[in-house]
């Protein structure tokens, strides 16, 4: 579904992504792991079109997407969760989620004439995901007022509500407590059962090995290993790169 | 006499209100620190004045004034799209300087520093609005129309999308929102209504010159928007009334206008600084000034 | 036989010197504090009126008045920082908020001037004999020569100060990376104060020279600030030499510009240049691009 070919990105003298290539399969959860600074988030930013590559191609269903803009990438079906919380802090949880459902909100006249109402259906969708993720009590709270864990869950819900064929999650459980970590793991596995395709970056190894079907190891901007969790665990090179995780 | 005075104040409140809620749309809801808002006010005033002086009926001149101002708002949004924070503020400020310089120097059209006198009061379908009382009714109608439109925009999903762009543009984009379009529409609509306010101003005072459109004139409007609270239309109404009425008691102390003017500015400037420091959310705002 | 080209060039250099006087103090403050201190123009205006008050109203000796004016302007800058900017900084206000505050302060200062001195133009009658001197077909007055000389000396002194003195080096450290500077023991608040003192002192010098060459008006602060700011942006606002270079360029372009269009458009040239540079090259000619927000 998503294929990275010979992707290279330099920042000044530093080569952040170095001729990197990999492919991810539909319906599976693929995890990118690797030491800090190995280029994982940069790869994500290249896919999202936040930055442009110096070389290489990014193919979504065999279509090269490197010249699309950030919003176009989203409309092509790639939904992104960022490493740092990026909620709309002055809007409520409900309002944050409603924005994800579709893009009719950009049409001025439709909205002025009241043709873009919040239907019962949309409200139901929002309610359901809040329940699935476990934060329905925060529905009318301002995003600013949530705890870190609640923020993460809200953002995860918003990312999923955004119509997509591929979910890109950057450290979905970074900094959350063990209970929420378990909930998110369960939730992601539930998504996989629905045949969703997920690409994630994580540092939490137990979580990753529990959730991922395939693990790709990135070091110094390139792929050094790819395989099932059980294979990766035994891979010497990987263990060296991580020096004890 | 007292009636006439109050009617005058109400007219001013009405004009300032349209200016303030239009700024609220671009600043409070969209997060665009547009310090050049007065430029659109001026463009609307001059366009409508020139048209009215050429005999164009009022309803057409006010519409054209709004559309041309709106067009410049849209135009300004394009190159400033990637700018944020103080760079956006300074660029929009720079825009207002350019517009002011044009008002001052394009003497063939604007008569430069001499201004345009004798702007006719509106005459719509035979109804004459020369008296201040009737003009007030006209202002009220336009205030209601403007408030209605801006309120509808801000409270719709479009408004939520604007607020999302304000809060985190990258996140909005990653949800598929075309933020350039959102911001352009916001600036265009904001400029459109500022232009409407400009036309009302020109028709009321019946004389305009560049001195009403210097960058300093943004201070009372900015003050209103911040005191009322960013992203709060209700707060804007209250704040407009307060700010317009506040300097008025000074008139009765018998101070000459050469003193009144500076004192008014000093009071506004101090209030702006104080509110930024003590209550950057204003009365009803939910958003901090950033 | 008038050499128009040379005359315009000379006029441009004089204007540039004046703008550079404004821009140098301003960009010193900007590079250290990282926000646009628009009120700098207000300090110039208030200082010019202070000079007028001392010299023309109280009848003090001119040089004494000038010295007191420079002390006044540095003190004023120091006070403004202490009562307005420092508390806002303590609240972690963004540079946009500080910009809005500085515009409010500028208007405050100009209104005070209007209040106490009225709107009419004031003149400082110090230079009695200021006949223009012929110079290869152009005319330049002794005062104008003095302005150029004094400003060049001032810029040189500023340059040496920034490079060699302890405070100057500390200022550059804070301008470069405040956090690291703090780690090596530099108190950034102290450096901010110094930047305002020195930057405003230069503003005082600017006020003195400008008052002699042009007349004193209540809006001179805003006008000069816009020109100085434009010069700083053109040359590169984050470094003082850039601001000075940009100001001279502005002065020259302005004066050559009115060769082609009505002189009223002189200011418009500056505004348009400002607008264009902010849009397309905000770091100026000499500046380095840094991330905006």
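Going in written order, the chains are labelled A, B and C, and every chain counts its residues from 1.
Note that a contact is a pair of C-beta atoms (placed from the backbone, for glycine too) under 8 Å apart; a residue touches a chain by one contact, two chains touch by 3 or more.
Nothing here was measured: the structure is a model prediction, and the numbers come from that model.
Contacts between chains trace an open chain of neighbours here, each touching only the next in line. Relative to the whole-protein C-alpha centroid, the nearest chain centroid is that of B. The chain with its CA mean position farthest from that of subunit C is A. Put simply, the C-alpha centre of subunit A and that of subunit C have 50 angstrom between them. Look at where the CA atoms of subunit B average out and do the same for subunit C: the two points lie 31 Å apart. Measuring from the averaged C-alpha position of subunit A to that of subunit B gives a distance of 42 Å. By the touch rule above, subunit C contacts subunit B in their complex via residues 35-36, 84, 87-88, 91, 93-97, 99-101, 103-105, 107-108, 110-112, 114-115, 118-119, 222, 226, 262, 264-265, 267-268, 271-272, 274-275, 278-279, 282, 292-293.
Put simply, subunit A touches subunit B in their complex at residues 48, 50, 69-71, 73-75, 79-80, 82, 86-91, 95-96, 98-100, 103-108, 111-112, 114, 116, 118, 142, 158, 162. Of all residues in subunit B, only 149, 152-153, 156-161, 163-164, 166-168, 170-179, 181-182, 185, 189, 231, 286-287 touch subunit A in the complex they form. Of all the residues in subunit B, the ones that touch subunit C in their complex are 33, 35, 79-80, 83-87, 89-91, 94-95, 97-98, 100-102, 104-105, 107, 112, 215-216, 219, 222, 258-259, 261-263, 265-266, 268-270, 272-273, 276-277, 280, 289-290.
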